[in-house]
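One structure, pasted below without further comment.
Chain naming follows the written order as A, B, C and D, and within any one chain the residues start at number 1.
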Amino acid sequence: MLGTLENSIRVRPISSELSILGNCDGSARVKQGNSSVMVGIWGPVEVKQSKEDPEKCVIETTVKGATGQGSPLDKMYEEAVRQTCEQVVITSAHPRTCIQVIVQVESEDGAILAVMKNALCLALMDAGLPMRSMFAGVSCAQQENEELMWDPTAEEEEESTAQYTFVYENSRNNVIYVHCTGESTVEQYMLALQKSRQVATEVFGFYRESFEKLLRKDVKFQMLLPPIIKGEILEEPE
Amino acid sequence: MNLIRLSLAERKYIVESIEEDIRTDGRSCEDYRQIEIETRNLPNTNGSSRCKIGKTEVLVGVKAEVVDSDLHNPSIGKINISVDCSATASPHLAGRGSETMEQEVLSVLNLLYSSIDALNLTDLCIVKGESCWLLNIDVLFIQCGGNLFDAASFALKAALHSTTMPDVSVAGEGIEMELEISDDPYKVWKLNTSMCPICITLYQEGESFAVDLTEEESECSTGHIHVGVLPSGEVSAMEKSGAGNLEPIALLEMIDAAIRIGTDIHKQLHSHLLAESTTATL
Amino acid sequence: MADDFKIAQPKQYQRLFLKDEIRPDGRALTGCREVKIHVNAVSSALGSAMVCYGNTRVIAGIKGRFAEPTINNPNSGYLIPNMILPMTCNTKYRPGYPDDAGVAMSNKLNTLITDITDLMELCVVPGKVVWSLNLDVVCINDDGNVLDAAVLALSAALNNTWLPATRVMEETGRVLVDPEGERSRLELKFIPIAVTLSVFDDKTLPDPSEDEENIQSGSVTCCIDDQSKIRAMWSSANLSDDVISAALVYVQKRASVLLSVLRKVSKTS
Amino acid sequence: MDIVRAPYKRTRVIASQGEDLEQHIVTPGDVITQNLDFMKSHGTALSHDHICATVAGAVYKVDKLVSVKGVNNRYRGEIGDVVVGRITEVQQKKWKVDAGSRLDSQLQLTSVYLPGNISRRKTLNDELMMREYFTEGDLVVAEVADVGNVDGMLKLHMRSNKYGKLPEGVLIKVPSVLIKRSKLHFHRLPCNATVILGNNGFVWVGPHFSPDQPIEPFTLNSRETIARLCNVIKALAAYGVQLFDTIILTAYDISMKYKVKELLNAEVMEHVAQESYEHSLHQNL
């Protein structure tokens, strides 16, 4: 993707596939380097009465690691995925329903939380769920010489002194999720927060590209395009 | 795996169609859907493959590690298969819902590879009585659309075929023995998969039987047998499961069909894998 | 009447108070509940502490046992944190198996204390026996902000942990605790303090109560150590950079207050 | 025929039009317009004095109403739609029907014509007999009578003798946007088969049938026809071609040069879908 990043920021190639699973409402696979995550979304569907919420839809998340055996980290990832969904999805639009989010890690080589979030965003978009905004996950690792390294591999993460994962949304460019571990000063933290935003902007561009590709491929979309507005643009914002 | 419910009318139509030898998607009873196989798709493994049959999609990864030899079998390596059904196959399978199905597939795969000839395990021995290779084989179902057993066995064979094992050099002796695993990507050897069986599952439907059932069709079947077929056309393993009973004559007929279909798929699988490995090395 | 309104319209209820720059429990917007620390609350543990944040009450206890080290790190001991949220502390937790929230919190504690002490110090007989310290954190009552209380309790407990002296039996090679020997203090490289801010509408409220946690749109937890370094941060709220840097300033201030309390308590014990 | 193969990568793109696609595609969070005179509809929301998109898709504007249509939306339902569904639960005086919408749909006992085809008061006896009429798993065809205001739950009715339980046949699920809106949903095709295109994306293929009469016994030929129809519908749907009776028939004719089971091959599916699509474009011009 990428062309407008600062020279110091390097990320691994990112690729995506959309609508890969036939039996769910939305799905996506995102690969960043050797990390690959697949997300499937069911819903909104009817929910058991015991879990029903009369005002909004309930979000349930399951995260499965690459090895099959559960890891204690999965629970933390589940919490992270649910929190992001609740931030972004307009849950009041579908009361009394439930959305199931299934995250399957296919192979893991660093920046896994960011890859999860990116796959999650594309899958939510693919499912056509109403969202306040898109979001993009960016991981970076701070090395011993205080330099930042974006989209680290597992090895680079291991060697770093601090690891950050930020998730940005695109309507106000705010941060909606932070996961940071290791040791850093407030200044280093703020620097990472601000610089990572550039990567997020690139990821948003990548999302758009992925979607245009999907929509172009399908005649399905052609008929969605209303003939009335073909060639006519809505009012440009002043 | 009772996820879809069919009406009596649909069941009747499906079973009658199989008895008439023209199934709901136009195949005859002994026709397979197309089997899409690609290998080396997981970069962090020694060998891997993805197999798609209709909607069914399965991913297999092989990871090798050095372990201590077994006391009772000092001169052979080990394999360890694990089967996992991703919740992406269906939300009902999240949590413990998929365990029965995983167990069933695992037992069939273990049965296929329980015979010592299936994979030449002596190749996996590094130092007799000291250390050997352990192949950790992860089978992951991504989508389920019927005929999981066969898909898993095809993917497993393809993954083993694509597996490259690093060379190991041994220095010293006794307690001071040290193993050095080379990381040179060209100093590798491949497993001999010529005797790896594949599984052909035949499902009993009413009065007749069929292979490669779709999800809807498996809903209506009463019982099935798994036949492990070798490339030579010999039967290496067999298991009957599910409800229903079989006439001995029908059973013979089914085995006959399994061998016929199995050898054909073996042949095609072999040439496909060969073609793929040559393009990969180029 | 007020109670009905609170149950039916919790968010409106909260907004009415916030408009007047006050929180439902009488605190100022940036006010925190009273914090109490009581170290060595459990006499049978190597180190322990009880922490109260208003009605939230958490106990941390550290128990040591001998264990075999791993082959890769023959001289390193273990620190195993475990967060227990029993059903009795709040009705939202289910009985029986560990609650998801508890597992997620244990993970957070684990990442936080990875480097807290030199694990080599926990070595008893190199390659053979090391100390394995179980850091159990039990929530007695959950009235919001359990994570902060848990981190504070854990820090206070670790800061007051004394390892007993050991001796090795000549004949059998077994390791025993020597009750007469001099105990050694567990040296910490840093003392982490967690400060949570709850985000509601456009306000960030420190030290949320349970009612506030139920209606918040997200929260930020920042862990700062005694050298003012960020040790961990978990945030699930929609925040601009300005809000984050303002929050960090607040967190630093608050952490230094808590830290001085913790130091005072440790000294007197 | 080769069974084992490498995965098929779709290369050809059926659609070639839509050069000006970009300006109509929005992703969630994009500002559609700042002009608040517009009324917002599906797929849009008000945020910070802008009308923003909440789904990824195309902007749609009718007079002052703006909406964004996404690709994979669940079936929403409109009054008067004909839907095919599966009974999931028998409850007191009503059935629950899975019709692919967000919540299971409801079918009241009072809104069903019972055998005898007369609209009469339902007795306690009828209530006890509910499982005799429709039981769990049965496929039914019905009409949408009402759409719930808040949660969008569909209420169905069967007050016509064309609605009711479906006999032996095959159900195919396609995305609901692929069903072309039309007045006719029951298509008695000349190839001796009936196709019901439910607005909810559930397509039923089976023999000709009429209420209260047993269907003719199947022949090899009729089974083959049904299988062929199923396969071409799947092929068209896989490539996102909108479904209506003539395109299905066109595709059916085009597919005649292949054996039925060859229609399962990705290449053949693509070929059939492409040719039928081009053919239908031609006819429309």
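Observations, loosely collected:
By definition in this document, contacts are C-beta pairs under 8 Å (C-beta built on N, C-alpha and C of every residue); 3 or more make two chains touch, one makes a residue touch a chain.
These numbers come from a predicted model, not from an experiment.
Considering every other chain in turn, the ones in contact with both chain B and chain C prove to be A. Ranked by how close its mean Cα position lies to the mean of all protein Cα atoms, the top chain is A. Looking at which two chains touch through the most C-beta pairs, you get A-D.
If you average the CA atoms of chain B and of chain D, the two centres end up 36 Å from each other. Chain centres here are Cα means. That of chain A falls 31 Å from that of chain D. Per-chain Cα centroids separate chain C from chain D by 54 Å. Between chain A and chain C, the centres computed from C-alpha atoms are 30 Å apart. The multi-chain contact residues of chain A, meaning those touching 2 or more other chains, are 169, 172.
Within chain C, not a single residue touches two or more of the remaining chains.
If you sketch which chains touch which, the pattern fits none of the simple shapes: not an open path, not a single ring, not a star, and not all-to-all. Contact annotation for chain pairs lists A-B, A-C, A-D, B-D, with touch applied as defined. Within the complex formed with chain A, the chain C residues making contact are 100-101, 103-104, 106-108, 111-112, 114-115, 217-218, 220, 225, 228-241, 244-245, 248, 252. Here chain D touches chain B in the complex through residues 2-8, 86, 88, 136-139, 165-171, 206, 218, 220, 223-224, 226-228, 230-231, 259-261, 263-266, going by the rule given at the top. On the side of chain B, the complex with chain A involves touching residues 42-45, 55, 59, 61, 82, 84, 86-91, 94-95, 138, 140, 142-143, 145.
By the touch criterion stated above, chain A contacts chain C in their complex at residues 72-73, 75-76, 78-80, 83-84, 87, 162, 169, 172-186, 188-190, 193-194.
Chain B meets chain D in the complex at residues 5-10, 12-13, 16-17, 20, 22-28, 31-38, 50, 52, 154, 264-265, 268-269, 272, 276.
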